[in-house]
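Per-chain numbering from 1; labels A, B and C assigned in written order.
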Amino acid sequence: MQQFFQALFSGLADGSIYASLALALVLIYKATEVINFAQGEMAMFTTYIAYALLTHPHFGHTFSYWPAFFLTLVIAFVFGVGLQRIVIKPLERASVLTVVMATIALLVILNGLAAWIWSPELKFFPSPFPTSTWVIGGVHISKQDTGTFGVTIACVVVLWLFFRFTKLGLAMRAGAVNPVAARLLGVRTSWLLALGWGFAAVLGAVSGMMSAPTNFLSPSMMQAVLIFAFAGAILGGLESPVGAVAGGLGLGVLLSMLGTYVHPVTPELRLPVALLILLVVLLIRPAGLFGRVVVRRV
Amino acid sequence: MRSRLGYIGFAVLVAAVVVAPLVSTHYRTYQLAFVAIYLIALLGLNILTGFTGQISLGHGAFLGVGAYVTTILVVDHGWNDLLTLPVAGVVAGVAGLAFGLPATRFAGPYLALATFAIPLSFIGLLKRFPHFTGGTLGKQLPSVHSQFGIHANSSVWIYWVSWIVALVMFLLAFMLVRGRLGRALRSVRDSEIAATASGVSTAGVKTLAFGISAFFCGIAGGLFAIAVTYVNPDTFPIDLSILLLVGIVLGGAGSLSGMIFGALFVEFIRITWGPALLDLFSQVHHINTRAPGSSLVVYGVVLLLVLYIAPAGAAGLVRQLLTGKTAVAAWAKQGRTAAEDQA
Amino acid sequence: MAPLLELKDVSARYGQVAALHGVSLTVEEGEIVALLGANGAGKTTTLRAVSGTVRRAGDVVFAGKRLGRSGPEVTARAGIAHVPEGRGIFAELTVWDNLRMGAYMRRGRPDFRMVLDYFPWLEARRNQQAGTLSGGEQQMLALARAFLQRPRLLMLDEPSLGLAPLVTREVFRVVGDLNQKEGLAVLVVEQNAAIALNTAGRAYVLETGNVAISGTSDALKSDDAVRSAYLGY
């Protein structure tokens, strides 16, 4: 029983990292029908920036964790907006596949750039949470896991509040639903796309910084996470932000349970297993767990 | 006119293949052997991407499957290395079909993201079953030796083997895309709705395209193992799949002959041009450009530039030169009426 | 006095196909003008050319200022509300969110009171998903939303499309009200010439991308030849 709760909590912590990145994928997908392949590498790159803030002396001193964290979020936002404006916007009249290719190119560039600037060797990334555990009823709950979950979910909630209650958030939602109508109401949809990329980059940065302490910082650190995030987003139905979060969390828990209770499933098999789960769910429910089946009338 | 141009082009290619080792160093010949190997892989991947319109980021893994099949058969079971090639192709092809069967339910970009998982899964699987695959240490093959009573330098030997196989596979690809299958592939690329309405099973076609392209990559992988004489899980990372994709776009998706440019790019950018470009850059900016990751940056920037400037790749540019018509990037044709493709 | 909206020799094309071949028309401050014609005559394209949804050649002058190569966002900010074909409501958002979007460009709190005076039933449906409204209700919602923009010119594209005659009459009644009480100028595209001419003061009839005939509604209605040739009744 204790094993169950431990697996549950660690699964939720991992799942929150997937959920954050999954939400980023869905944000951009909803607005543009493009899957941003570079989402993981953007997250990785911004995590390296956090690393630089934490370890390289800037203006005579290094930053402590939380100031570096928030500064990184700001930098990530600008980074995301910038990438959309400079790299993606010129291709706005091209086909979806062209834009997807461009995001693949970004993936490659960011991966290479990170290895070039900081070298590919694994680095240690600090965690703001203590490594001790609470013991409640015999169950060991890691503070690290709790913190990870808390921070990631807090970011998701803040973003939700933004979309739900602000004028700009409403405009972004409207622009995703019907861009032409939105423009006729004066919405500068082009800039809102950039905004979407900015938010997605912030979510990615959170995902990366929460993932790095356990998975170590390396240029490839987010590749597997991207797959898990994608799987989570698809499970939730790629159009649904709620689904993306639920899917990511659910996948994390499911993998954790499988890893604990099913012995042939070793850590190296997590990814193939996730892929398998994804394929199985899609065979049964093609629109994902939360998605609606879109019937296209020809 | 086009087919005459094609025959002339093919003859030129064959002539070039025959002449090249006579005028090159052994090292250059060895590199040109890899051009042939990448050509086989790109032909296969092009069938999936350029002709069927599906982006795959996972085909490096099918090369890996082929490479490991060849290695295991040669090292553990004493097969003759060349005879393993068809088996490598078939096993990879079956793996491609197995992936394609469920995965082609996804539409375009989702499928691409699913394929992103293939190399990562492949590496995980290789490490999980070390008694079979040699685990992280990999396996060593006996180095290439002369066969059939002909004695030649091993670079020359592998050059000839690779190019003969490559030319055969080129003809095979040519025949595949010429006929009904080619039309079915292109109909799926251009408009899935129209294809379905015409009775083409889009999932079936896409799965078949996956299988065929994986078959080609498997054969390329087998040759790769023979040429490099060593495989381990890190030989086929996601970078390779991406490089293949860049090669397709650069050569011109939807054009088989363009793949020669693509293959030249893939081989030489890694070893020769990439570092040369970076050295040039470093002379101006005083940065260490031999650092890891620098080559990836080059690939990515090249890909972006091609996407902005010449999305139809080298083949498209050549075509524009010859006919004055601007080609539309094959895989960007979705929704438009199909323009002609070249072989 | 200069007209509120003036089109001078406006052309537009969709890819290779030219849809408008030099259309000229005017809408005066506070008047209702109908744009009539058969399917494919270019009525919708004319509205799109004004709002910038489609690329145009020729001059569009609004409130004395020439609208350059601008997109829909700019035209909206200039004071033109375009309710497109199909209403353009945000189906997945609630009725209330749709209305809020109408006030997007405006500063300060939106004047929902005023809108609810004309469309009182919206209050009860605030949280209903807009896509689940009936056709007529969606049309009203689109009108309400456009009205929240406080435009000087309202452009309506085929408001009667898919609506029962009774509902259509109601829609046009509201349009007439808005025009009379708020001084809102209206340019309405309609296939239903009869009801359009009953509400509008003037009309233009388009045929294959050109203005074939124009005049006051009374004149057009009373000319039998025009009615049978162009208006179909």
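Quick note on the criterion: a contact is a pair of C-beta atoms (placed from the backbone, for glycine too) under 8 Å apart; a residue touches a chain by one contact, two chains touch by 3 or more.
Model, not experiment: these values are computed from the prediction.
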Identifier of the chain whose CA centre is least distant from the whole-structure CA centre: A
Farthest-lying chain, centroid of Cα atoms versus that of subunit C: B
Interface with the most contact pairs, given as the two chains involved: A-B
Intercentroid distance (Cα basis), subunit B paired with subunit A, Å: 31
Gap in Å, rounded to a whole number, between the CA centres of subunit C and subunit B: 55
Intercentroid distance (Cα basis), subunit C paired with subunit A, Å: 43
Numbers and ranges of subunit B residues touching at least 2 other chains: none
Residues of subunit C touching subunit A in the complex: 51, 53, 71-73, 75-77, 81-82, 84, 88-93, 97, 100-102, 104-105, 145, 149
Subunit B to subunit A touching residues, read off their complex: 53, 55, 57, 102-103, 105-106, 108-110, 112-114, 116-117, 120-121, 124-125, 127-128, 193, 197, 238-239, 242, 245-246, 249, 291-301, 303-304, 307-308, 311, 329, 331-335
Partner subunit B, residues of subunit A touching it in the complex: 33-35, 37, 87, 90-91, 94-98, 100-102, 104-117, 119-120, 219-220, 223-224, 226-227, 230, 234, 238, 266, 268-272, 274-275, 278-279, 282-283, 286, 296, 298
Interface residues, subunit A side, partner subunit C - complex: 167, 170-171, 173-174, 177-178, 180-189
